[in-house]
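Two complexes, one shared chain (chain A), two partners (chain B, chain C).
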Partner chain A sequence: MLEVSSLKKVYRSGQREVEALRDLSFTVDSGDLVCLVGPSGCGKTTLLRCIAGLLEPSSGTVRLDGREVSGPPPGLAMVFQEYGRSLFPWMSVRDNVELPLKQKKLPRERRSALVDEALSAVGLAGTETAYPWQLSGGMQQRVAIARAVAYEPSTLLMDEPFAAVDAQTRADLEDLVRALWQRLKVTVLFITHDIDEAVYLGQRVVMLSSSPTVVQDEITVDLPAARDQLHTRADPRFTEMRTHVYEQIQKAKRAAAI
Partner chain B sequence: MKRVAYVIGLPVVLFAAWFVLSAGSESFYAPPLRQILQSFGETWTLDRLTADVVPSLLRLLAGFALAAVIGVAIGITIGLNRRVRATVEPVLEFFRAVPPPVLVPVIMLFAGIGDGMKVIVIVLGCVWPVLLNTVEGVRAVDSVQLDTAKAYGISGPARLGRVILPAASPQIAAGLRQALSIAIILMVISEMFAASNGLGFTIVQFQRSFAIPEMWSGIILLGLLGFALSLLFRLAEGRVLRWYHGLREAQRRS
Partner chain C sequence: MSSGLLGVAGLAGLLVLVEALPRLGLVDDAYLPPTSRIAAALGDELGTAQFWQAVGDTLTGWAIGLAVAVVAGIAVGIVIGSVPVLRAATASTIEFLRPIPSVALIPLAVLLYGTDLGSTLLLVVYAAFWQVLVQVLYGVADVDPIADETARSFRFGRWARIRHVLWPTALPYVFTGVRLAASVALVLAVTAELVIGAPGLGKSIAVAQTSGAVPLMYALIAVTGLLGVAINLAARVFERRSLAWHQSVRGEVPA
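And now, the complex of A and B:
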């Protein structure tokens, strides 16, 4: 369970202060898949870095499974938007996935079982010895997802993971995330700027305002759990919800412009 | 085959030109190349190679290796710590600007004229490019890579050895390459000042005893050595940084 309460982050540089997050509160229950959407520049990255323990909030707290986050929490794995910069190009695919497990001091057999399992779960069995840069963008992001999955996190944090891949790959990866989530029963917080993606993936969609950020609105996505690209996206209920989210985001943008 | 031709083409032409143009040379100081090559075979016998070239190479390698270790170690310390960097960087720029040959007489004063002095001279000259390039390389490590390491609990020695050092290694290699050519220069210079063996010493001996073709043959040998060393370095670099060249290639294609 992830609880974000009254989170506030102010950046200071000299005399200038920039308020990125004003007062953010939301929770993600254990095993939920929640999508965060917001207009661009809404402080998504700041929020994510606070949750991941990479950035200290100015006030407010983030609690993961009941414990307050003050550094990178052990039960949390992260998938970054920039897969090309997040994977280590000097390591093979296998080593990339295995490195965090070595750091966890897992025994060798366990590590190799986890790596094999994670790579086949993302459909990359057989690429173990390749370097990440020998793979296509979508496959690289699969490696990053495998690394997160092998880490056996209770919570998976995804920062616009598919913003840099082409539309078809993106659809495949969306289905992959839903499949993994259903299979592994992890809590997923998925950040995106793509409204369709948020509605398609999430059980709930949390909409953020423009910076300084607060929660603008929240909806529960009452689409059936079994979703597929063709039928779900054609569902009138899907269209309704994406319209709602779209309007809220537009409202947030207008509020920011005034 | 074509590549080899490109590599050796120009040297062969230059050598041939030298050979032809110097063939009728009457000058005592610039003898015909034929004569130089003849004396090359006579001068650089196995005895001479073990007596003079091997000690030179050992000093060079010792100095280069020490400079590499010291430069990388200090470079990482400075590169990872903003405060240390701000304090130390101006001083580093100053030291780097001092031409190392100037230091030879000074170092002789307290390190004597033995092997130690020569190794110290080489280290003092070579350490700067390694150090400054390491600082740059460590500073330029991608922030997403660092965030990734942090988010996955990769800290301490693993962070240093598996993330920061490899990320900085292309830049470190550039520093090492510069250092290698400096090392060769300083090896010769330090041996010219005060020595009882070594390549630099031998060349100066030949010059002082007016053994001009022998002197030229020593210079050719030095050139060949430098070429061989940089070739070896390139080979080693190509192996260690295979990922980097592959990555660059992949980025160019996309």
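And now, the complex of A and C:
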């Protein structure tokens, strides 16, 4: 379980102070898939870095599985938007996926089994010896997802992972994330600026306000668990919810403009 | 015509020119003997043990000095580069020490080590160290914050981040630094021998000059040039092999 309570982050540079996060509280239950959506520049990335223990909040706490986060927590894996920079170009696909497992000091056979399993789960079996830069953007992001999955995290953080891939690849990757989530029973916090994506993927959608950020609204997505690109997106309930989320985001933007 | 052929043609032209100038009487052959006589002197020299001893001495000074400079440059560069406070504190000192020509340290070297190998090493290390250090500092600054955050998010320790993120990022810069340092080290090794009289090719050149063996002097100068070319070529081959993944080497990505 992931609990974010009264999280606040103020950036200081010289005399200037920028309040990125004002007062953020929400929880993600174990095994849940929650999407965070907000207007651009709403501090999503700041929030994610605080949760991942890469950035220290000014006040408030993040607790993961009951333990307060004060550095990158065990049991958490992160998928970055910039897959091209997050994967190491000097290593083959296999080595990229395996390296975090080596750092975890897993025995060789276990590592090898996890890497094979993760790569075939994302549909990349057979590319082990390729280098990331020899693959297409969508395939590179699959490698990054495989690396996170092989790490066997209890919680998976995804920071706008599909913002840089084309629409068709994106639809495939969305289905991949849902399939992995259902199979692995992992907790997923998925950050996006795409409203349709948030409603399509999530069990819950948390809407953020503009910066300085608070939680604007929250809905439970009561669509059937088996979703597909064609029928789910045509479902009147889907349209209703995306309209609701859209209105909330617009409201957040207007509030910021005043 | 390929650039390789053109290069060979240019070199051949130079050899022909050096052959022709003294033969046509345009320059005094006491100062510039024709290519054929230089080549003959070189041929004779190649058969002597002293020559190979001199080459060995020069290369020993070069290799030890370079190795010390590279190891020190990499270690100091990584430490300074990864600690922002240190980097800011040392920047002006480095900019002050770096441009001091190594040759200006010759009196100091003689004072400390006389005409021993130590003198050559001092000059070589001083000159080569800055080349490596500056490149390593650039390399460390080039670490992608996303790559580093990725490593941190997977709970890599400090050493693992140096080994798996910082080092591969800095490696292309390290190679550039080593290549530059290798050339500079050879220049300084020969200079030290020439000026201080430490044993090696530089000393042989000085001896040839004072004893009036002008063709031999030119032959030895040509040998130092050939050594420089060989060192540079070897460094480039090694670099391309080690950096196959780097965008400067990998070329077109297959679709």
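One rule holds in what follows: the second predicted complex is superposed on the first by the 258 of 258 C-alpha atoms of A that agree within 3 Å, B and C clash if a C-alpha of one lies under 4 Å from a C-alpha of the other, contacts with A are read in each partner's own complex, and residues count from 1 in each chain.
The definition used in the following text is that a residue touches a chain if its C-beta (ideal position, glycine included) is under 8 Å from a C-beta of that chain, and two chains touch if they have at least 3 such contacts.
No experiment lies behind these values; they were computed from the predicted model shown.
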**OP:** Using the superposition on chain A, decide if chain B and chain C clash or fit.
**Re:** clash
Subject >> First, second, both or neither for A:E128, with chain B first and chain C second >> reply: neither
Subject >> Contacts of A:D116 with chain B and chain C, given as first, second, both or neither >> reply: neither
**OP:** Quick one: classify A:E19 as touching chain B (first), chain C (second), both or neither.
**Re:** neither
Original post:
Is A:P74 contacted by the first partner chain B, the second partner chain C, both or neither?
Top reply: both
Subject >> Residues of chain A that lie at the interface with chain B and also at the interface with chain C >> reply: 49, 52-54, 72, 74, 76-78, 80, 82, 85-86, 88-91, 99-100, 103-104, 131, 133-134, 151
Subject >> Parts of chain A lying in touch with chain B, wherever the complex brings them together >> reply: 49, 52-54, 72, 74, 76-78, 80, 82, 85-86, 88-91, 99-100, 102-104, 131, 133-134, 147, 151
**OP:** Show which residues of chain C lie in contact with chain A when the two form their complex.
**Re:** 144, 146-147, 149-150, 152-157, 160, 164-165, 168, 171, 245-247, 250, 253-254
Original post:
What part of chain B is in contact with chain A in the complex they form?
Top reply: 142, 144-145, 147-148, 150-155, 158, 162-163, 166-167, 169, 243-244, 246-247, 250-251
Subject >> Partner chain C, residues of chain A touching it in the complex >> reply: 49, 52-54, 72, 74, 76-78, 80, 82, 85-86, 88-91, 99-100, 103-104, 131, 133-134, 151
